[in-house]
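By written order: A, B, C and D. Residues from 1 in each chain.
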């Protein structure tokens, strides 16, 4: 009997450690440190082409036969664009921005492909296509997907607003168009960003301390690194992805 | 000399030119109908016309009175006979060829399809008009004062009309014929239901014997077709013709069509366009026939039989009326036949039952009752109905108000009341049976005898009887009872036939329309 | 002077009568076929080149004609409209003036064969609608056969051997499909085959009303019924449990073959059927003929929604490892009562013992070399009541409380009673790999050997 | 004794007429009754008290032990000991009537994603939702009903099932969506409107024009676990959660989380969803709900 309880408590603890760790406390951050860096790729990877496989001719008309996936956008200096860089657990820090996350279904693609939504704000999902889309946002927990919202957007210019409730890395898909994909990091703290076209990123206003920074790229995968931030100073943390 | 010259070639020439007159004269024994005398003689001397009087009562000529129903029924019979003879020339009554010869009549015989349609529709029209004729006779109270027996003959003619139609239905040997034959033979067999219960079947199987007699075997086959053919073209026509003759003869002998006792000729006003009033030219008598010497004296004389004043010469009054009805009838049948084909389905196939297998439409009221109990629905209730109808003149001996529609307003009220009560109760009962079923659905193992004794058809019959008796009791008039009984009969026949024809589908289940039938 | 009412009634009726009788007469004088014959005569004359031909064309008379074939008891009046079938000059005209295609009429002269023996339709009729008998209001049992199925008529007089040499490819492929898709697994034909479906003898010469046409789309004819039935059995017969997977082309071919299964025999002088040598079929062919419709390749264990039960994967190595040939043969011979598996022995489905042996050895080909270790099972120690308790909690969910089956197989069965104890024990203990049957033994869900024995003694008592 | 005054036949016949009209009326009434009966059925499985009970029960140790025992006996076969849906029975394959093979993966209880809920998309199912599923089973999926178990035992199972996903402790329960069926659902007018919506909402993309689940997208759909799934075939008439109008409505409103069926709570008004219910009831040929 005790074993059961123990198991239960343990399970709760471990699993919640992954996705539902302690609350975030908002404090006034003055003279905090920052983390900057460049995410690079070890080698050039060709951007795969998405085949638009549909039996409905009107969808081909709208979206074409193929589309660039935009998965591997690697600059001349090997910088990787669209890498999510975030610190999962920050006990204290500045206030979260009030900024709705706008996700648009456009020409059978999600725009933007990668982005950050903040807890306490909303997802604003729009369908700009005259075809049916359903936007299914699913939280990735331990490699498994768990639906957060599965929203139907059957008509053009339909907009649905939903609060960001569960935090973590979300995969977005559309059941009607299996090639459609997007990634959203639903953050419970403001310390998350995306790399720019040269692979550079910066996370500002961190209280001094040691943080676990996660780099996530849909093609290369994810990696978590430790970094220590001192007050008022930028810490550097680079990462080079190599294709497995 | 000159006479002898003339009696040669010239006489022959005269004879040739005089052929028209001499033929007319020899044909019309009394010469051309130029005077009242010769007009009367024309009627009396003609074989076909002599069954009618030289003079006809004005009432007989009022279309609103007879509606020409009996006459139409008779004409339809004539048309059926003539078209039947034409169709018969090409028809071959064997199961190998019956169907294909009917197809040939349709496809390659000149006007064959039309003839077959005329035959079919005039035959079925007979049923309608015989029933309507019967209704007219009943509602105008015309089965009295010596006409009682003619009513019985009429009932026989009704039954013969049904049987004649039924036998004709079998002849094309298509699916309709075959499965109607099966149904009818099962109906005929239905006394078995009772003998089974009484345990008598092994001793005397009345139903089985009847069925074998009808089918000339145990299943419909070549012998059945021969038998039915013989009935249809020989036996039944001869019998029906005989009875029609007797029927007409009795009309004449029983004093012609009924006339209201207080018939008041207002012909100058409202039937001037119906008859040709005799022109009085000369003579010592006035147009009003009187008897005795009073006519010689001045002043008003009593009219002895006022009816005599109300008669007109049959020629041309009656003759033209009859001719008009005949041509109208023929035209109607032909027009109908041009546009509506007589049904002909697939060749008979004993392995593919029609579902629902239905008897001809005029028996579907019976089939509806058969679906409750075969024995009651097919034997007892039809017998009792025919018996009840036949006995009407003998149970209603009230001799007043003859020749008046519904015997006046009281009868009209009874008829309408019966119509409403009858329709509502019958439809209600059918709705009950359709929705809730009957004993067999409630107690699946119940003995069949209970269903034979207590089933919707029996209850309905009891209700009809009770209603008629109650009418007799409440109005104090047997005539009203007769009206109630007959109205109930008509209502039942109509509603049951409608339900059986339109609302019953496969397995005799209830459907609002054919579109809802589960298969085909 | 006459009475006005009746006189005018007489006059009007007489006029109506006259008008309609003339109308009817005119209609009778100008039937549909006359226009075709007149047009034919014109075309014939135009196409004729030699004066001889011209003369012939000019001599052609318009009039009703028919082909009467005494031996076949048929009257065909098709040539009233299809006037040019035997005239080579009409080869390029439109139907119905066109000459008959191919050289068929050389071997099958119209005067001896007529038309409807091959083409079906109503030979008696003299108008297109009723002659072609399409549409249910024409009331003819055999509507005209669509040309894509025309080969189905050849088998009346020719055998398959002859037809395969003379290019009747459609029907040959249809027969092949019939044998390979396992049709006989459910349908009997000439005495052997399963009993789940209707017997197919004479199905090709059944009248329209033999087939329930309510849900058939388009023309309600036998070929449409068959084809739509092959494409989606449930659409045509909602309660059907038939399993079939055919492409539309295959469905057409199979329809042609099924239509050729007729009972109508033309007289002997017409028939060119020689006895075909009976080729003994091997196990694989027999499996395709009788088993494949349900068991498919024998690898998939799936609950079948049509048959309302799981079709066991008989080629599953996990099954073959435990089941010996004797057991499989017994199941094939006796069938499994209460399931769609029928008894296949001679007395019911008509297979000889030899054929059954062949099928069993074909099935057994998939058996691996290793066989499971024997275990000793003593049923006498089994406690039925204890078994029942376990069964109701652990097994009844799939096998049904009375063993009637569901996701799991039916256990209330003679076969289970007769089955080897070891076979049952191993099945319960080790489960059946690749099927939902889990291992219940100590390595799996934790039943002890004794508990398994208890369960076996319970299920043997169903 | 009434000897002199017999009841008149007129009276009897009037009574007869009245009896018949009453009968006809009662037929109509009986049909009305048949319409309402199933709705009551759906509710009585979980009464309001039970709901409260289940929530109050909390993490009672005895209850969890009982739940584990029952889970071990009845559920482990499919859902696995760790609740990840990978039990020894594995994937259940079903050959549909159309010949398509449908793979049924037992639910992975660890992700906290459940299809049959009475709460909005993304929300955790309420205890009564889980209890209903356990009690009634899921049609066509081989998830059996557990009516043989006592209510306490079933509640214990609910409590135990909830331990597999941390979400149940981490998240607040959402507000329950009540299905209040308007009277006009099933009327001809509503069906016509529903049919237009069915087209407008692009339902045929997956479910096909005739509702037989063979729309152009029907082969591309995967669930949260990456398993291929098939859209519902309305023609079979059997919705997995039970084909009452309320359940159809809830499916439209809540979506089936984890599967491809999205929530229409935000894209359609309440009234429109009920119109769509009317039309789908017709597709499912549920004559008893149609007017």
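FYI, contacts are C-beta pairs under 8 Å (C-beta built on N, C-alpha and C of every residue); 3 or more make two chains touch, one makes a residue touch a chain.
As the structure is a prediction and not an experimental result, all values here were calculated from the model.
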Shortest path length from chain C to chain D (each step joins two touching chains): 1
Chains touching both chain B and chain D: C
Chain whose Cα mean lies nearest the overall Cα mean: C
Rounded Å distance between chain B and chain C, as computed from the means of their C-alpha atoms: 52
Whole-Å gap separating chain A and chain D, where each centre is the average of the chain's CA atoms: 35
Chain A and chain B: spacing of chain centres that average the CA atoms, whole Å: 92
Length of the line joining the C-alpha centres of chain A and chain C, rounded to whole Å: 58
Chain B-touching residues of chain C, taken from the complex the two chains share: 1-7, 9-10, 13-14, 16-17, 20-21, 23-25, 27-28, 64, 66, 73, 75, 77, 122, 124-127, 130, 136, 139-141, 207-210, 212-214
Chain D to chain A touching residues, read off their complex: 59, 61, 64-65, 68, 108, 110-113, 121-122, 163-167, 169-171, 200-202, 205-206, 216-217, 220-222, 224-226, 255-264, 266-267
Complex contacts: residues of chain D adjacent to chain C: 73-74, 76-78, 87-99, 101, 142, 144
Chain C partner contacts - residues on chain B that touch it in the complex: 61, 63, 96, 100, 103-104, 107-108, 110-111, 114, 174-175, 273-276, 316-317, 320-321, 323-325, 327-328, 330-331, 334-335, 338, 344-347, 349, 352, 517-520
Parts of chain A lying in touch with chain D, wherever the complex brings them together: 1, 4-5, 8, 11-12, 15-16, 19-20, 53-56, 131-132, 134-138, 141, 144-155, 158, 160-162, 165-166, 175-178
